[in-house]
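Several structures are given next for inspection.
Each of the two complexes below includes chain A, the first together with chain B, the second together with chain C.
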Partner chain A sequence: MLDSPPPTAVRRRLRQGRDRLATALITAGGIGVIAALLAIGLFLAVEVVPLFWPSGEASAIHAEALWGGGETAAEDATRHRWAPTATLTSGEAPRISLVPLAWGTLEAAAWALAIAVPLALGAAAHSSLFMSRRLRSRLKPTLELMEALPGVVVGFVAGLVLAPWVERHLAEVVACLVLLVPGLLLAGGLRSRLPARWREALPLGWAGLWLVPWLALVLAASVWLAPWLEALAFDGDLRRFLELRLGLDIAVRNALIVGAAMGFAVMPSIYALAEDALSGVPASLAEGAQALGATRWQTLWRVVLPAASPGIFSAVMIGAGRAVGETMIVLMASGNAALMTLNPLDGLRSLAATIAIELPEAGPGGVHYQLLLLAALALFVFTFLVNTLAELVRTRLRRRYRRLGGGS
Partner chain B sequence: MSVVPFRRLIHWLLLIAFCVPLAQAQADDRDRGEAIVGTLGTMGSDTMAGLMLRWGEALVRRHPGIRLQLQASGSASAPPALVAGTTRLGPMSRPMSDAERHAFVARHGYPPRELTVARDALVVVVHRHNPLAGLGRRELDAVFSDTRRCGAPAAIRDWQALGVDWPEGRIRLHGRNAASGTQALFRRVALCSGLFRPAVNEHPGSAAVVAAVAEDPRSIGYAGLNHLTSGVKALAHRIDDGTLRAPDPEAVRRGEYALSRDLYLYLNVPPGEALPAPERAFLDLVLSPAGQAVVEELGFVALPEAQRRRQRRALALDDGG
Partner chain C sequence: MKAEPSRRLRLPRGEGAGAWLAAGSVALSLLALLALLALLTVRGLGHFWPSPVELVELEGGRQLAGERVREVPHAGGDGLERLYRIGNQDLEGGRWAWVRLSAIEAVSHPADLVVVERRRWGQAIGRLSAFQGASGERIEGEAAWPALEARLAELGTLRDARDRLREEVILPLAGRNDETAARELKAAHARLRELQSAMAGGRLILATADGEGLAVPLEQLLGARRPNAMSPLDKLVAWGEGVWRFLSEGPRAANTAGGVWPAIFGTVLMVMLMSILVTPFGVLAAIYLNEVAHQGRLTRLVRIAVRNLAGVPSIVYGVFGLGVFVYGIGGRLDSWFFEASLPSPTFGTGGLLWASLTLALLTLPVVIVATEEGLARIPDQQREGALALGATRLEMLSRVVLPMAAPAMLTGVILAVARAAGEVAPLMLVGVAKLAPQVPVDGDFPFLHLERKFMHLGYHIFDAAFHGGDVQAAMPLVYATALLLVLVILVLNLTAIFLRHHLSTRHGALTRR
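Let's look at the complex of A and B:
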């Protein structure tokens, strides 16, 4: 057995070769990803072309029909309508407006972000600045585990368990939401009034733990108070009050349920990215601010948050991208009714869910199929634009805050 | 909850799970019956997926030499497969459209052969405690559509307008997704080909419609007859003279229940030529009393006896059944 090392020249050649191979593989991977992305866009665009410039005797679809209202017959009260199967084959004026679907997509994403962003950013700020290190090291992996939950499971639970339950217990849910914030503020107020000995037993860094029983207490109290609240303010039946007095439609699977489920799904990724950004702010900055007399709150608000803002912004944008493209949660938790209302208790229908439901039954090459691919193209372009915008803003913000030594 | 991609996956799994014992069955049953060997491929309706699978199972029990390739991706997938010649049998839950028929003739030079193999019906379902007995076409149209082509004077949006006083408030609507044969049939018959209100919740399967209606007293929906559960109540259809027609199998078979449809098999068979043996054995089974018993077991409605015999004769199947 030869034990002597190879001559250095050979070894160097070997290492160079290995480096070159690795570089080639990485480059190929990068080019491959870009090429795949372009190919997807190109495929969608090519498939959609015959919609607007048909080759045979088929008539072109006017952009007006897709984005505008189309020709509305006198009998029909709905201006924007997605009814491709009903109107494309029967020789009627095509009613193929993508507007209600785009509206549903944006509405669902907006509610998801409205629920996820405050919670995720609050959690990130708390855990990076106030929480004890030990608790944080347990909490972070747990929250990241939430991200691994498949969308189908979240959608299933939201659509088949949560939605009917919320519908039956609407008053209790509303009472919980109304009393939650005052309950938390009350906890803070009470804690500051406690004798110092007690206060030490409830350290701020462990608030995430000792607040849990308090929260349970608040929720139990609001469930107990709900019937009184309902009797006092809503004539004894909240659902009836909303429907008959305010004229609101209430669907079992509605935009709020979708928002809650999708908010739950996008929260972990927003939290993880924002937490990293906040933790990446050099400790010297926060310490400097506090040494100059700033309170913790002022430090967070004026120093740490601006320094971490590029990372936080991209966290929110990535959450938005996921919320727009999410399919299964919307499909299962919304009723897929193509409505255009601002009422959060009414149903909605998203582009992605429509593609998932209708594409298998639309004949390839037909107008319906091309319309669905157009919807896919619209989604693709939209997420592409959101991500590009996020990247642009992020780099600009980062340049601005680099002087402070801010996070990525 | 059945969601289309998953249902499809389950169909595939069923298919695979089913092909494994086949190989064994082949080995020990070879001596029984005349030895028909070959592959039977079908492509089409997923409403009929369960039906095709059960027929296929029975066929293989009779003729262990036959291999099955049953694909169910929706009725719309049958005509392209028939035109391309990848399959000779296309199950469809709706008749072929003119365009699909033209494409077939343009390619093969003769029209596809149409067989009616079973009957199916749609039922309008409400919560099991709902006192409503039946609805006429005009009322259904006023409830489900906002075009009201059947001539109802005004839209019906509350349960009170239907004359019941228990579920109060807005009617919540549930139905199948666009592009399904079920929705197309309901639209044609109950809405006089009008358009659905956008507020109709669209579910990817009849089972999901039934589940949604069962959990909410204020809802109404339509679903395939074979998906009825004890959680919902099937409404009768009120015809013009005011009598109620319940969706029972006898009424569906006689064509008295308006919301019914035929289920078809389309065949690619050149005129003057005999069918290949596996296909022939399959049709023999489907149009036999045993095959029609499978139809009833799955909750569909068997063909009237006269129609079954007529189709057997037309296919020159020996009259064993």
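Let's look at the complex of A and C:
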């Protein structure tokens, strides 16, 4: 447009008209796209309405049947059951309690968080306080890659590789869990005994890296020590010990496997948000604490962590949202039996997995279809609320940092 | 822990146990990631390496020949058990054999053991006892293997000639509709029949380890090799061929053998369609939110809502796609345009179009958020400068803002593609198939068949691992497919990370100026 002739009135009007048209189109398109996105919730809500509001011959279902126990079932054990397609013998109502599915979902998410939260928070604390800048700038993308690993691959490894291995090597797994923490502390203790020259070669800032081979060594050692541990603590056979002494059933694909796999999948997103929250704490706070003689760990525990706690909370919330909705990992690693037990070695069945399995077979408009849509709506509402809560907390936190940090 | 006072002064106090546990959690995560990637790489690529075939002599004189798979502790007692893949599925007790280590008398690696890959029954393992040519002559003993190799090479050239004839002569001729074409077509068909008859006939006879005979017609034969007689270089060549065949062929034997080419094709096509759909709409919405809309409370709420939609489970999008696209729009389209073929649905069932649309919706928040971040990073002076020079808003957007935000948009699209490529759960509802006989692109009008079902790498993993008849046999291929999928996604994500890095350095320079 460098040497265009001076705009005449017509040209100007044309340009302005084009501009107005484009703005109108962008507005219409933008609103349309956002409306289409938000229509998801609306669609689910509208489709689910006939379940509770019968019109014509469609059978209404009381909320009680979904969430409470069925009146028809006599025994307590069978009160909450999900068997919508079971052939009914004597005019009994189909078992459509969503309770076991919701239970399975929450149980899987709880185990995933139990594994992911300590890992992610530990990693975030380490990387925001101790880690060298160079390693941190490499670690973030690495963990992002970990987050991007498809659920179907993680689920496959968990369900078909990890689960059978764990079933055969229960004692080894227990030994690994028991020896993990002492192994790490041993590494710290050994390092402080090393001559100064060696110690400099193994700085705490790079501990995340050089501990990897050490951990591999510790895990190998615990596998090697496992039979001895089994003989000492569990009468020589851990499996029988669990089944007889504690009365636990052991399924190959169980809640713990799901938790481990999903913890692995959820950990990076919790880490990313928690690390943001921790390193966003104004540096003056931590520096002040350290100037008063606190170690870095004390600074973290007494100053940084309380200041960042809303951010940590929102990170955990986001993680919970992801864990509740994850489909393929639960589908492949859980065995999909709708059980309601507290036993972490038993199978489970989650809402998301149930939708994935049953919706293609459920005819549109039927009760089964609407029930599955209700499950989807529950997932949608839950994750949406949790994410909004986390987002609000984070916005507030950012404002607080600005106030605390003054100019920075 | 008694240290000299001087040293105690020089060094800061220890950080205590917590610091080590925190460092350990980084190390543990990295270890898990490394272990997963190493497992996939070793098992996925190792499958194509021709493993040695063992001849095992058991107690009581029984013999078996097979590839060693793995060892586990024996279920009811002490000692180890070893699994052999012995092939020969069509014979009694074929395919797999568990052998207790204590029962093994001797293990040898005779060079003349032949592993044959067949079309129907999978592998066959045995000694080549005879080779029968097309004309019925029978070659026995040492000469049989060279004769078989020569015949296989000959068959390869014949097959190439046939395929070339089909693609270059017959297919173009079949489209034309005149006298000369019909004559040429007849000649070509005659030549084709000639080639077919030259390829027909011949078989080889294997003697299995326990002495049974097994005849394999050459038409059934996909390849034959003698792993114990191969040099490392030969094995490397065989490995390369194996990888290539895995990438370029279709699946066989209910997805437990063969390659994944249709799945690669389906994944790539679906992702391409999705990115064509998602890019303009995502960018449009981001421009609206950031540049046009009034920046008030409502816009902020909408922005939070869009961000949150990225966290809504993918299966919910799948449900939406099934309910609205497939049953709603698809069903309507069927009743309007495809009434003739009802009740069998055309668009009223899952298909390529609906899958791409669903995934586009799923990845829309990703693109919107990434583009918006890029737009927000552009300093306001740039916009104000353009407006001050007399540009209209459209000109300001298209000449100044969008070119500067282009890398951010690209990052968003790449992240969207990476997310879509790995997503399986919604596809199970809206159109993936365990085995799609027809690829969605072919020579028939309209060339791209949006209503067809397609295969997908991620679903292929799920299906082969969980619905296949013989999971044991499918495992190596599942590993290889998983490795392929992970590689694709890693490359896409690395590109996005690299772009974002590039972008932030560029904009850092921009704001400093």
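By definition in this document, the second predicted complex is superposed on the first by the 336 of 408 C-alpha atoms of A that agree within 3 Å, B and C clash if a C-alpha of one lies under 4 Å from a C-alpha of the other, contacts with A are read in each partner's own complex, and residues count from 1 in each chain.
In this section, contacts are C-beta pairs under 8 Å (C-beta built on N, C-alpha and C of every residue); 3 or more make two chains touch, one makes a residue touch a chain.
Note that this is a predicted model, so its numbers are computed, not measured.
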In the superposed arrangement, which partner chain does A:L37 touch: chain B (first), chain C (second), both, or neither?
second
With both complexes superposed on chain A, which partner does A:F156 reach: first (chain B), second (chain C), both or neither?
both
Could you tell me if A:A207 is touching chain B, chain C, both of them or neither one (first, second, both, neither)?
second
Examine A:A337 and indicate which partner it touches, taking first as chain B and second as chain C; both and neither are also allowed.
first
Just to be sure I read the superposition right, which of the two partners does A:L215 touch: chain B = first, chain C = second, or both, or neither?
second
Chain A contact check, chain B vs chain C, more residues touched by chain C
Who does A:L373 touch here: chain B (first), chain C (second), both, or neither?
second
Figure out whether A:P360 sits in contact with chain B (first) or chain C (second), or with both, or with neither.
both
Using the touch definition from the top, say if A:E391 reaches chain B (first), chain C (second), both or neither.
second
Jot down the residues of chain A that show up as touching in both complexes, chain B in one and chain C in the other.
152, 156, 159-160, 328, 331-332, 356, 360, 364
Sort out for me which residues of chain A touch chain C in the complex.
15-16, 18-19, 22-23, 26-27, 29-31, 33-34, 36-38, 40, 43-44, 47, 118-123, 125-127, 129-131, 139, 141-146, 148-157, 159-161, 168, 180-181, 184-185, 187-188, 192, 204, 207-209, 211-212, 214-216, 264, 267-268, 271, 295-297, 300-301, 318, 321-322, 324-328, 331-332, 352, 355-356, 359-360, 364, 372-373, 376, 379-380, 383-384, 386-388, 391-392
In the complex, chain C residues that touch chain A:
1, 12-34, 36, 39-40, 72-73, 281-282, 284-285, 287-289, 291-293, 302, 304-309, 311-320, 322-324, 327, 350, 361, 364-365, 368, 392-395, 397, 418-419, 421-425, 428-429, 458-459, 461-462, 465-466, 471, 475, 478, 482, 485-486, 489-490, 493-494, 497
In the complex, chain B residues that touch chain A:
1, 3-6, 8, 73-77, 79-80, 97, 146-149, 168-170, 172-174, 177-180, 183-184, 187, 193-204, 211-212, 215-216, 219
Complex contacts: residues of chain A adjacent to chain B
73, 75-78, 81-87, 89-90, 95, 100, 152, 156, 159-160, 164, 167, 239-240, 243-244, 249-253, 328, 331-332, 335-340, 346-347, 349, 356-358, 360-364, 368
